[in-house]
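As written, the chains take the letters A, B, C, D and E, and residue 1 is the first residue of each chain.
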Amino acid sequence: MKIELILIPLLPLIGFLLNGLLRNYLSKGLTGIIGSGSILAAFVLSFMAFLEVRSGHVITSSYFDFISIRSLKVPFAFQVDQLSSIFLLIITGVGFLIHVYSTSYMHDEKPHHFARYFAYLNLFVFSMLLLVMGSNFVIMFIGWEGVGLCSYLLIGFWFKKEDYTKAASKAFIMNRIGDLAFLIALFMLVHKLGTLTFSEIFNPEALAKLSAFDITVITTLLFVGATGKSAQIPLYTWLPDAMAGPTPVSALIHAATMVTAGIYMIARSNLMYSMAPGTLNCIAIIGVATALLAASIALKQNDIKKVLAYSTVSQLGYMFLALGTGAYVAAVFHVMTHAFFKALLFLGSGSVIHAMGGEQDMRKMGGLSKYMKITNITFLLGCLAIAGIPGFSGFFSKDEILASAFATSPVLYGLGLLGALLTAFYMFRLYATTFKGSFRGSHEQEHHLHESPAAITIPLIVLAILSVIGGYIGIPEFIMHGAHSLKAFLNPIFEQSYALLPKHEVSHSMEWALTGVSSLLIIITVAIAWGRYSKKPDTEEAKGFGKLLQDKWYVDEIYNGVIVKPLNALGAFFNNIFEKNIVDGIVNGVGRLVHYGGRQLRWLQSGQTGSYVLMMVVSILIVFVLQFFLRK
Amino acid sequence: MGITQILFWVLTVAALFSAIMVVSSKNPVHSVLWLVATFFAISGHYILLNAQFLAIVNIIVYAGAIMVLFLFVIMLMNLNKSTEPVKHKWLQIIGILSGGCLLLVIVAALRNTEVSQHMVEMSTGEAGLIKNLGRELFTTFVVPFEISSILFLSAMVGAVVIGKKD
Amino acid sequence: MISLLLILLPLLSGIITFFIKKEAGARAWSLLAAIATFVVAIVAFTCYNNTASLSFSAPWMGILNSSFAIKADGMGAMLCMLTALSFPLIFISTWTTSYKKAHNFLGLMLLTQAGLMGVFLAMDALLFYFFWELALIPVYFICSQWGNEKRIKVTFKFFIYTFIGSLLMLIGILYIYSQTNSFAIDAFYNASLSSQQQMWVFWLFFVAFAIKMPIFPLHTWQPDAYEQSPTAATMVLSGIMVKMGVLGLLRWLLPVLPIASYSWGDTVSTMAVIGIIYASLIAFQQNDMKRLVAYSSIAHIGLMCVAVFSETQSSIQGTLFQMFAHGINILGMWIIVEIIERKFGTRKMNELGGIAKKAPALTIFFFVIAFANIALPLTNAFVGEFLMFNGILGSPVTQYGVAFMVAAGTGVILGAVYTLKMGRQVFLGKTNSRTEQGTDIVFHEKAILCVIVATIIITGVYPQHLLHSLEDITNSILHKSDVLPLLKTMKQ
Amino acid sequence: MNALVLSAIFGVVMMFSGVVFKRNASIKATGIIAMIVLLLVNCMEMGNIKFFKFDVSAFMVFNDYALFFNSIAIFATLVYLVLTSAEMEKVGRNLAEYFALIFFIIAGITLTTSFTSLLTLFLGIEIISIPLYILTGSDKRNLKSNEAALKYFLMGSFSTGIMLMGIALIYGSQGSFSIDAMNFSAAAKTPNLHIAGMLFLLFAMSFKASVAPFHFWTPDVYDGAPTVFTSFMATIVKAAVFIGFVRLFGGAFGKLESTWSLWVAVMIAATLFVGNITAVFQQSVKRMLSYSSIAQAGFLLFGVYVMNEAGREGLLIYSAAYCLATIGIFAVLSKMTDYSFEGFNGLAKHQPLLAFTTTICLLSLAGIPLTAGFLGKFYMLKAAVSNGGNLWLVIFAVVMAAVSVYYYFRVIQAMYFKDGPVQSVAATPLEKYTLLIVCVLIILIGVFPNVFLNWLYFSR
Amino acid sequence: MPVNYYIVLALSLFSIGVVGVLTRRNAIIVFMCIELMLNSVNLLLVAFSKMQVAKDALPVAGTDGQLFVFFIMVVAAAEVSVGLAIIVMMYRNIHSVDINFLNRLKH
């Protein structure tokens, strides 16, 4: 069965247009149906596409020439292969759940804002689909920027709050910085290869035209682009701020889909990266550093969404660690599992926040398990998954990453493990503080506490199930031979890379040992966290190192001081001093000089005949002297 | 040194001296009189150069008519006393200096000109005689001569326009 | 022949407008004339799409070897289209803005249009110069008469500034004329000046174009002029007039003085790149929306300048495309500024805020245009900037392509910064006493903004039609300005 | 020759018309009709219909160029008379005499533009100058007029002295006054006597043409003279002097171009600089216009500097454009009560036609394209550029032209963009239409220079 | 006599005239100095004319120079009439012939 690929992004686009243009006329119900329905339809189509891809086809279809000049042809064309089909499923599937969730979560909004919200979400899905379906870098970039736009719009959805709009701008601009690097990489590709189509770039003959230096530069630039979109050091600071948006948005965009675009892009370009070991090392280091940094910050956050945000950054770091160590499958795997459990966690937190009447501070919560049974259980499952407790999805993906890290370098493994422990710790700190203990909020809030409606809980349940079982498509080799169906599925994408990457063989027994150790450590950590926070949350002000963590290592402040403020000062200097006094000053100065000259020259015109004659005579004299005595 | 040369030098000295006196006299009337003297000296030169017609015209028109007109105006205005306020000293000095420099520069420039050693025909020659001049004036130069009538007309009209009392 | 109509129609109707004393009549007439011109432009560039009907030549100053030669090549047609499209939009958008003696205002506007059309079509250096000035004079009167309080001084500065530039260009034209003895553009293309001559004749031309565009550091007339002009004139100035400079570069500088363009390319590009960052940084400091947009325009045009001097297929075709895109976008921007100023009585961003609540439609239009302005994909500017950046980076004529590209790209990031800041301060946030009373835009405003947004999106999603029409002219410009073989022969 | 003789005759006629006619209107009508006749007669001579067939070639040659200029000058004078004769009445009671003097000046102009002998040049210049001294002082009660006349007269005579010294030195070197006789072989060394004489003549002509640094009389005299006569002096007379200038330096000293072109270049620069820069600060439009006339002289001097065909043509176009525009502005100015810039405030509201015509004239002076003034400047620059000479001078010139925009546009700003009291500017319909015709001419020459130029070319 | 002598003499007179113009303030005297300049030119012309006679033997040689002198005198006479009229007019108005007395026109 041939799938008309254009329909997949077109449906959300239609949803966007309907919701956007008719927002003043649609009822909330209709809006929700249009919004969710279009995604559901897209999901169905994606699934059909997946099935087709599973049978070994790569579906491509080209529509029209987007840009076609003599030196560059960019068709508007789609391509769905194994990699993109996985992402398609994640995007439309998780996306659909979140849409459903949103119909309830956003129900308090006025109808046209409600419609606007769904329009944005649909637009986001559209962009994200473009990103993963594009058959060339330009289409990918269109989606790449499009999701940035939607992220901007959704973070700033409550536009009346100035902080939110600032956070939105920040997200957009930091993304743009990365995008610039991305673009430069594209231009270098055009310059060197004359094409941006994946199939023409990612084959050994084409890449052979590039020097090692070129490849390193291009891959590095692409990676910089990815750090922006996927919130890695140094461009990660926007993501925590992005929590200003509605919680489903955080779940969809800032956890499950958009932020994984960078991973998608690098996985897509795996052949090129495999040829650039330097870049891969760099990615691994950045990834693990991000994972640790974000995890450390998450330890001391009190805002429930902030914790999850830093956790996202940290998990994304893992994915990059995986990419950097050449474990592309592991990265994609982790993207998938992460999509499940992180969406679950965000939605769960959304449910909590919803119940708490907008309160996000964990210190004011506690003991919610009594009031919100489903949320409690699903959230716990999510925590277990993210912590990597054996059997849950997170365990499989994370374990694969750590194994790959160990194969590359034990140091990376050690750091990665440390990150995993931190993750387990702060997640259970979060869980314990929120759901255990006694309620610390106001009476009013307590009175208001309730389990969320079905539109919220059903997605939670679905996601919880996925979080638990999602890992079983990638059972490691050492446990069960040939059970890593994901790896098998993705093999066509990565097989060429495997040949290029250095082989690090780790014996099965070693892997068993590692897994055992890490699982044990994680369980211990979970227990410590549980024990420490289930009764008494840390409500007192952090001091010393804790303060440093709570204030996020002051990275924002440093950026502010090192980049924003000097640029602002420079701008102010240009505006107030340089422009006015020097550039325009010179122009005006010329004018003033002429004016002044006019005023001074007037005095020559003294009105006295004698002086006029004198000046004439002197001129005559000068001319004569010059003519007869000095001119040769 | 013949009589011509002696006369030349005498007339030259007279002309220069009286010219200087024209400039330096405080009393306008004296200036006019010194100017007349200068004209006479110049007329003397004309005669030395055998340009009798011009010598006569110079005395009649210039020394006679024009200078009398000057004198007349000065008398009319009762300017015989030195009523002229003195210019600034340094302005005068600058004036004299620049005039002197002008003289020096031009003379220096023209010192070695090609014609400098050409001789001027003294006391002889027919070019300056009334007969020759008259013939030329009314044949070849008749057009400019007629044109100068326009000049006179306009000067006349002008003098009337300006001089007439409204 | 039909291209002649593009000049004559606005010219004559403009003159007629002066005599329609009734305001409503004058408005209707001028709008009608503008629309008629638009229709003619559409007919010309779709139905009569051959060289014979798009060019016109008549003896004019035979003695000077100058003729009234006009021709609509791809670039000319595109810019004429932009002009023809803009003027009806301008007239409608200012339909309710009151002007004293509106008939004079509208008449002068139409004269400006005639001048602009002439500039874009002229194929004779002298004719080009004539139209160059003809377009300026009416604008001078418009801005001086109907502008804000500092209008006279500011417009005067603008006028003298550009006048000096154009006089220098005149010398350049005359100098080349003294070599070719003809003002025809082909003669100019074949002038083959020695490289020493080109080196300084280049600046005579470039200064004129640089002032018009404007390029740092010759830009200081611009923010003031934009700020003080009536918005209708600002639209013309920034939407269309700055394109005169770029057109000048592409038609009269690069192909005429290829060696100098090559040699000075880096210098000029450096100026432009400095200008991009400089203007962006300043734009961020602005509080007045008009000034902000003005500085952003400097940055955008600077990018075009760099792209032009990269001399690649991609960058030049991108520049041409971007000329159209920028014209539309900034027009939309000005329309919105005009609406805000009319509705809320101020352009100061700190006095505004929360308009989104009161005028959602306006807000949406603004954000679409703003994102187009910062070249978001699927808007028109993305295509232009993508091609331009691509060309700059791959430029064969400079070794600093990467540096220029990165610096210009930084400007684009800064562009996002200040554009979003403007959006945030003006439209988002809480309403204040001033914006509390606001209402949303009315039908005709929606209609024109729709046209603009539609143009943005259509050319953004399917740019190929427009791009294709610019292909030939790009090739011909590149062909004429190609110095690399020339340099090779020189080395041998 | 036709124009020369007839203008002298008409001058005499006008002298007596004051006796014959009692009404000023009749005198004016006579004068204007006489001027029309003069124009026709001059045009006839261009068509080779000569009334007087003397051989005057030793003193003057009425070639096409001179005749064409004379036509322009006479036409401009005609326009001038139509526009400003009403104001002339107000200067004094001697209207007939003023007309007579103007006719005499025309005679002087025909001489100056067609001399072949330095004697004719001298006479022509004097015939121009002496009536001008009188016209300058014609407002007898006005001390400014007195002062201007005295200054003009004293300095004019002084420059006559310089000119005569030049002529004498040249005579000493050449033994002849004919400009055709002054031919040197390029190889031989030019005698210093000759160079000195040439320089003296250069200074004297510069004085008459108000070229810096011999321009000092100009602002004072133009300012002090009655506005109607300033108009005449600053336009037609000045243009004629330039034609004489070109004739002298092209004809007599053409071979010495390398010697004098440097000085002329310096003078152009100085003139443009002084004229434009000083005009910037003026408060009175009249005085501004007199400085601007100095500035324009700088451009006209290009015609001398380049000394090629294009330069000569340019001089014609430039003088036509300059004369028409300046006469137009002065015509409006002479009707104003307040000569300051503020006096023009709000003129466009009350007198739109006058404001419009003034604007066109100012645009022409500023050299905006599609006006005659642009064409003039264009020709001058073209001549200078094709001459291949000093391009820095050309660039300097255009920068100064841009400065000139500053002060010309101040008037436009005042008229259009500022509010002022209602002024009763009495302009008769005839005057208004004439002004309009002037504007149309300015634009026509600017837009269709072919028509104008073809005339020149066919007549050659 | 060599013509040099006459040149120097004439130039001396001319310069004296110039100095007079520069240093005196009485309009009439300034004017007289200008007349002096004219006369020096006359003298020079006559000398040159006689030099021409010495140079070539044509009967009319040199007459043009002398006739030019005649025309200069004519012009000078006309100028004097106008000039004195102007001076008198001014004197009538301000009772002074000081050239700097009237100084309204400046700058």
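Just so it is clear, a residue touches a chain if its C-beta (ideal position, glycine included) is under 8 Å from a C-beta of that chain, and two chains touch if they have at least 3 such contacts.
Note that the structure is a prediction, hence the values are computed from the model and not measured.
Chemist: If we look at subunit B and subunit D, which chains touch each of them?
Modeler: Per touch definition, common to subunit B and subunit D: A, E.
Chemist: Just the chain pair, please, that has the highest number of C-beta contacts.
Modeler: B-E
Chemist: When the C-alpha atoms of subunit A and subunit B are each averaged to a single point, how far apart are the two points in Å?
Modeler: A distance of 102 Å separates the two centres.
Chemist: From the mean C-alpha coordinate of subunit B to that of subunit E, what's the distance rounded to whole Å?
Modeler: 6
Chemist: Indicate the whole-number Å distance between the mean C-alpha point of subunit A and the mean C-alpha point of subunit E.
Modeler: 96
Chemist: How many Å are there between the centre of subunit A and the centre of subunit C, using C-alpha atoms for each centre?
Modeler: 37
Chemist: At least two partner chains per residue is the criterion; list those residues in subunit B.
Modeler: 87, 91, 94-95, 98-99, 102, 106, 109-110, 115, 144, 148, 151, 154-155, 158, 162
Chemist: Could you list the positions in subunit A whose residues touch two or more of the other chains?
Modeler: Only 602, 605, 607, 609-610, 613-614, 617, 620, 624, 627-628 qualify.
Chemist: Touching at least two other chains at once: which residues of subunit E meet that condition?
Modeler: Within subunit E, residues 3, 7, 14, 17-18, 21-23, 25, 30-31, 47, 49, 51, 55, 61, 64, 71, 75, 78-79, 82, 86-87, 89, 99, 103-106 contact more than one other chain.
Chemist: Please give all chain pairs that are in touch with each other.
Modeler: A-B, A-C, A-D, A-E, B-D, B-E, C-D, D-E
Chemist: Which subunit A residues qualify as touching subunit B in the complex?
Modeler: Per the stated touch rule, the residues are 610, 614, 617-618, 620-621, 624-625, 627-629.
Chemist: Which subunit D residues qualify as touching subunit E in the complex?
Modeler: Against subunit E, subunit D makes touches at 119, 122-123, 126, 130, 133-134, 137, 140-141, 143-144, 146-151, 153-154, 157-158, 160-161, 164-165, 167-169, 171-172, 175-177, 219-221, 223-224.
Chemist: Please output the residues of subunit A touching subunit E within their complex, sorted ascending.
Modeler: Residues of subunit A touching subunit E: 602-603, 605-610, 613-614, 617.
Chemist: Considering the complex alone, what residue numbers of subunit B touch subunit D?
Modeler: 106, 109-110, 112-115, 140, 143-144, 147-148, 150-151, 153-155, 157-158, 160-162, 164, 166
Chemist: Per the contact definition, I'd like the list of subunit C residues that touch subunit D in the complex.
Modeler: 59-64, 129-130, 133-134, 137, 141, 144-145, 151-152, 156, 159-160, 163-164, 167-168, 170-171, 174-175, 177-178, 204
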